[in-house]
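Handing you a structure now.
Letters A, B, C and D mark the chains as written, and numbering starts fresh at 1 in each.
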Amino acid sequence: MRHLSSEAYMLGKRIPDVTKNGFTRMALEGIGQIYELARNPEYAPILTRKREDGSIISAYCSIHKSREDLISRVRAARLICQETGVCTASRCCGWDALNALWHTTFEMDAHLGTQYHKRLTRYAAMVQGKDLTCAGALTDPKGNRSLKPKHQPDKDVYLRVVDENRKGIVVRGAKSMIGGAIGSHEIMVQPGTGLAEPEKEHAVAFAIPLNTEGVVQVVNMQAAGERKLNGGFDKGNVNYGSSESLVIFDDVFIPKERVFMNGEHDYAAEMVTRFVLLHRMVLGGCLAGCGDVLTGAAALLAEYNGLTRQLSDRLTEMTYLCEVLYAQALGSAYEGQETDSGAWFPDPLLANVTKISVTRLPYEIQRIAEDIGGGMIACMPSELDLRNAKIGHFVEKYYRGAQGVTAENKLRAAELIESMVAGPSRLGALCMHGGGSPAAAQMTIRQLTDLEHKKELAKKLAGI
Amino acid sequence: MRHLSSEAYMLGKRIPDVTKNGFTRMALEGIGQIYELARNPEYAPILTRKREDGSIISAYCSIHKSREDLISRVRAARLICQETGVCTASRCCGWDALNALWHTTFEMDAHLGTQYHKRLTRYAAMVQGKDLTCAGALTDPKGNRSLKPKHQPDKDVYLRVVDENRKGIVVRGAKSMIGGAIGSHEIMVQPGTGLAEPEKEHAVAFAIPLNTEGVVQVVNMQAAGERKLNGGFDKGNVNYGSSESLVIFDDVFIPKERVFMNGEHDYAAEMVTRFVLLHRMVLGGCLAGCGDVLTGAAALLAEYNGLTRQLSDRLTEMTYLCEVLYAQALGSAYEGQETDSGAWFPDPLLANVTKISVTRLPYEIQRIAEDIGGGMIACMPSELDLRNAKIGHFVEKYYRGAQGVTAENKLRAAELIESMVAGPSRLGALCMHGGGSPAAAQMTIRQLTDLEHKKELAKKLAGI
Amino acid sequence: MRHLSSEAYMLGKRIPDVTKNGFTRMALEGIGQIYELARNPEYAPILTRKREDGSIISAYCSIHKSREDLISRVRAARLICQETGVCTASRCCGWDALNALWHTTFEMDAHLGTQYHKRLTRYAAMVQGKDLTCAGALTDPKGNRSLKPKHQPDKDVYLRVVDENRKGIVVRGAKSMIGGAIGSHEIMVQPGTGLAEPEKEHAVAFAIPLNTEGVVQVVNMQAAGERKLNGGFDKGNVNYGSSESLVIFDDVFIPKERVFMNGEHDYAAEMVTRFVLLHRMVLGGCLAGCGDVLTGAAALLAEYNGLTRQLSDRLTEMTYLCEVLYAQALGSAYEGQETDSGAWFPDPLLANVTKISVTRLPYEIQRIAEDIGGGMIACMPSELDLRNAKIGHFVEKYYRGAQGVTAENKLRAAELIESMVAGPSRLGALCMHGGGSPAAAQMTIRQLTDLEHKKELAKKLAGI
Amino acid sequence: MRHLSSEAYMLGKRIPDVTKNGFTRMALEGIGQIYELARNPEYAPILTRKREDGSIISAYCSIHKSREDLISRVRAARLICQETGVCTASRCCGWDALNALWHTTFEMDAHLGTQYHKRLTRYAAMVQGKDLTCAGALTDPKGNRSLKPKHQPDKDVYLRVVDENRKGIVVRGAKSMIGGAIGSHEIMVQPGTGLAEPEKEHAVAFAIPLNTEGVVQVVNMQAAGERKLNGGFDKGNVNYGSSESLVIFDDVFIPKERVFMNGEHDYAAEMVTRFVLLHRMVLGGCLAGCGDVLTGAAALLAEYNGLTRQLSDRLTEMTYLCEVLYAQALGSAYEGQETDSGAWFPDPLLANVTKISVTRLPYEIQRIAEDIGGGMIACMPSELDLRNAKIGHFVEKYYRGAQGVTAENKLRAAELIESMVAGPSRLGALCMHGGGSPAAAQMTIRQLTDLEHKKELAKKLAGI
């Protein structure tokens, strides 16, 4: 894996081998499931696509060519989250970024006579052929958020072009909280916000391998993320993990062929919009899937405690909340529209509406899981206590469940819940700011609402 | 109109002519819009269907033959509610009843060798050909709700067959809260609950004209429904109204050709389920549409008060809530499935999930509308005060709005809001018990949830 | 009763005798309960106060002299609402207005050397001695709400002084939505907002009998308020009603002795603030009391339907919501403080917090009541149908409840619920804008929050 | 400190010195603040009490002798949580346990002629004189929760008396999730549930030093609790921590003088009830205090990001939610009642209502904090990355805030938020199951609601 040689740090230390570091290995395993499950015929319709030449590629590097593809995008999100219990953001974000670029470069070429879409078409074919995992990177560090890019004291807090020659460009800056970058081959970079003419240096999009000279990753820590460095079940989800990196571009050279926007600031907002549209829809599927796992874990612990019947109403409410998110994502997909580029995108209003729900309901799902799980979710013995020769038998005796359920199984179920309400896989971490803040989605809804039409409806009925 | 001669009462008096009574006339006008808008080419794709012989029929008496038909069902609901601001339940419920019968009679004929589906096919063709409005009737009075039908002291509280001969059957009982019956040509009656063998007398389905001998309607009053008897704008919605009747069957003879179930108790539950599935999905469209009108009315009054900017966040939240309902209904439709009869039905889990949302969010929509509208929503002068020679000028002076808005227009907007939060068109009346109670939907969700699958997902990730 | 001769209109007609008009009579009966219950020794500690001279007066014209008086203020609100099921706003608002004036006139006299507090002391003694009901009036019509008073095209949309002589002042304008004015002897008028120097003409407070020359009332209609004009039980609450008036001051002369502010614009905001503080606290008690009635009605109908056990969780949630409101009001009272005038006022932050809860939770109480009540809450036969010779027996037969409960009792319980969720006594009408809008309370909370202190707490713990 | 020699384990290892272990030291520091702040004259009225002999004792080992003492109990909770940001449960629970025992032993002595209250009086005097920290222990491991104690396969899952002689008793079992036990001198043990006659062996209450032979603690791990073992600011709250232990009683001898219940099963429920009443009220103060810190941290990070104005509404909502909890706790305290023993307890209904709010609102506080904090709350560089020579400058450059705020301060604020939404101090851990589960509080509310009285109110108004 080429990216193994990329320069990455975590907890203040260089990571020599991402396959040996517990934290990053779990992230790789999560992404790996996308490859693994695609080989399962049951899931192939969701996880693969057929190209025009008949070849089969991963859905995760495809362009959405129909309403059904958008629906399938949502189904893939739920499936992968059900199977891994975590955000496998890199392939997801890369998928969304590729589609956003597809449409926007098409528009640029059509209107400006640029060559970006042609380049991107070649790039996409390469990625599809090699089945690469590409991270998608939008979020700039932003510095003082009340200032626009052009007013920032340090211009680098929005990634920008600092040099250019015949062969390519040199970029400086960073992208924040890039999901799954540590497990990706490539990174696709786009602007993170709309840009004005004086900000054209920030209007840049490109894709490069993550082991390119000058690219440095700081893998972020997560709540209780340190547990993933260790074996055992205290980490809750024993197999899979998510990861996010600060990806620094320390004057990195990008060859021309890999540049998909360079100064066309008028198209920056469109590129961002297209990415977030997909992402805001998709989160409904992701959170439904992770919510399914959490519902299952809560049901399991309820059973272990002998309380299935008593907690049945609460479990039903968890199911309700998960399906609400899923239904909204499907609705957003169904109402999607085709663009001139041939790529499909979800309905803008419904996708943003889904995003708002996604920032609210999962907290209620977490709350109910903790209600069902009981006090031990907040404090329980470690697996190390259970294994201890002196006190292990006490832990076994006093944590045993109903019908002969072992303390270990009860603790495993409880640790999984903890990791999903207050640990590395907690729903809140996944749902709140992915695809942009709630405030951004609310602003978009305001802009997309045809309030005048609604006023007309009211006027007619009121006889005004 | 044949039904004009039906025997109907309201507020303790016989209604001599439903087209002259203000209350019932507004209900007729509401249903009339379904006919009216179908002639508008813009809406024809939603409101009409093409039969196999190429003839065009109203969608409201069609069988759903595809996923798109289900989607269109939801769109029709939103459209009609946007245009009328009220529940036009009769054609809606009749539509759902027809589809429920279509599937269940097909199943009965296939398994039991009965002739119900053949009869229904002829009946449907007649209804389609004449473009009749058919009410759908399920809800029995139920008496003591903790007792099953077979234990009721008065067996008639569940409608039942009391006699039978070669030519047909005689039924006794009543159906409660039948939307739009007063404006319907026909009524399609089904069981309102699952039934056991000793309850087979209640397992009866049929359709007859509402002016059949022995059919008596008591048109129910609604909150502030009396205002619809008068002219003027105090009623809020000046054109359209909903209506609901207690329809009494005082030993009514039903000719054989119109009987679609007679004793096959094993199929009663299925018939109910199919009806409510459609209805629970559709309500997401209805409430989105009515919510649109209420949002528009709130925006209008905010504008009249000079407060558009200040109340922008609250208006956005109203939009959000409406679209949530719509997106869920679309998701339920998209996940629909075909039955052996050829009729399509929405996804059972998602339709019930939509129903739960429908019993919660509209109250929040109402709440925000009242917040935006200000204190006058709860108390304002009547139009009669505005028209009064002595005090009219005071009302004009002190109710005038921003930018020269007249008191009349401000009052009209406020009355419309009042009628939708606390009057005959209030969302709460439409959303809470239509298609069954929230408790019924929650029970169904519990039954449909594959908790074992969710537990398996959790076990795998927890290493159990 | 002196006010009987006041000039009042409703539904476009002069009211000749408020004791004979069904609507206004029910409002009088509501206020009458305050007098009636005060004579009950059980309630005397809450509803009466002892003056320093040992004489007993109604609490409703007393000044709060202790923390316990504030607590008692909340208890009185809950009690009266429990016993009447309606807002008896006049005495309530007058009580709060008297206390607001007490404090603010004291401050004016102390700082400006005016004589207002002395006048008010005499006025209060007169009111207490005669046990008069005084309405409290703050809300101006406001015209274009985005403009300040000084920018309004028609200055009269904020009540103002238009003339002045040695004997008194002449005022013009109106006060909106004045609770219980039709059943009050006196009206106490205050500014409705903070005022700047150029707006000093609006800085006026006074009290006069409601039958003063030039005072004209338009009694506002309420949702379904027309039913109160009739006998029978369709109105839900068969005995008591609330009322609100637009009170117009058509160049009314106010004698000097009754003027409590005249141009001291700097004190207008303080006067408003003190009134709303009391009112925002008190609403917690009011809504708890009305919520109790609605909970009882829902429990009753559940019992009549044979569903008490099945709906037990929902009834518990209703109780929870009512007690939340009460507990917050008590907390606001307990944290109250004394002013230099000797009058006590609730804690500003907690009173505003209570107000916010009061604008949210009652809608959930209404929602659950409608859930429990079933579909009939939205549509049911009229009492007139039940009395009809032809169809009455059908209504009796099909609306009979469990265990021999008559249709009449079931309908009475359902009508009471309807009147409290969508009729004249609906909680939403009482809770949303009483004491000011939610937005105003939120702004106050923002101003009162010591965010810097909270930041310091955080800094210390974070080691910043 | 005597308890230093107690036998305690964490993460599978014996803790040799609790003052040197980072995790337990932070718990000690938290409890230490209760002693420290009591010496501050500003806080002395809240944190100390005067005994009848004039001596000053810590409030935390006092009996509530008045309504004001209950109010002060709530104020102390908020204050300590504001100052430490964590649950300092041991002294809290011990305080509540002492009061529960005070009342219940008084009742037992009065009715049964036992000597428990006399013993407890001596014990309380000793604890007050030495100013000891006492943990309070109720929760049994419970095994299969659908079975009563008498039906458990392993009787030890409810702590019980296994032997008795002239000098005392021998107990076996464990108490779960005992807050602050590791930092306590003594532990006061009570039954955790109501008990029937065949379960009298479980009806036992006593107090002993935690370093008594046979007492073994397993200090539970918390979400991300491992970070407290290290220095630096990644742990968020850099000074204080909570702790919870499984406290095992491995056949421990309790001398007679320290036994406060032994077989009087009829009084077990009362003892539990009195403890939880206090605790359910107090949590309103705790969560308000912790919520204040979280609000401050969110405001701080908003300021660092340059977004104070934009996020002002959300910060106001956080304040609202905190004050709601506080107001309810104050209301519960104000409505408290004295018992025959002289000890005061909060109003049962309002205390349980407060508990329900406490299990809901803090999750919304967490949610808003995460909304305000932005994506970095879920993933950020470690302090170790900031200190790293190679990448520290990147972290500094790209995490710098508005107006020259250093990356370190921004990270410190963000880590504090993370620790309170998803780490060891998260509100959810504190609020959900402290003082019993939401289901238990709901059941109590149901039992305490006088539904018959509410029905009577409704009947009267409906004319039934």
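Observations, loosely collected:
Definition applied: contacts are C-beta pairs under 8 Å (C-beta built on N, C-alpha and C of every residue); 3 or more make two chains touch, one makes a residue touch a chain.
These numbers were taken from a predicted model, which means no experiment stands behind them.
Of all chains in the assembly, none touches chain B and also chain C.
With steps allowed only between chains in touch, the distance from chain B over to chain D comes to 2. Greatest Cα centroid separation from chain C: this falls to A. The chain pair C-D and the chain pair A-D differ in C-beta contact count, and the higher one is A-D. Centre-to-centre, using mean CA coordinates, chain A is 51 Å away from chain C.
Inter-chain spacing, taken between the CA centroids of chain C and chain D, is 40 Å.
Once the centre of each chain is set as its mean CA position, chain A and chain D turn out to be 37 Å apart.
Residues of chain A in contact with at least two other chains: 313. Chain contacts in this assembly form a single closed ring in which each chain touches exactly two others. According to the touch criterion at the top of this document, the contacting chain pairs are A-B, A-D, B-C, C-D.
Interface of chain D with chain A (complex): residues 9-14, 139, 141-147, 154, 156-157, 174, 176-177, 216, 218, 220-224, 226-227, 234, 244, 246, 248, 250, 305-307, 309-311, 359-360, 363-364, 366-367, 370-371, 374-385, 387-388, 390-391, 394-395, 397-403, 418, 421-423, 426, 428-430, 432-434, 437-439. Put simply, chain A touches chain B in their complex at residues 71, 82-85, 233, 236-240, 292-297, 299-300, 303, 312-313, 315-316, 319-320, 323-324, 326-335, 349-350, 353-354, 356-357, 409, 412-413, 415-416, 442, 445-446, 449, 451, 453-459, 461-464.
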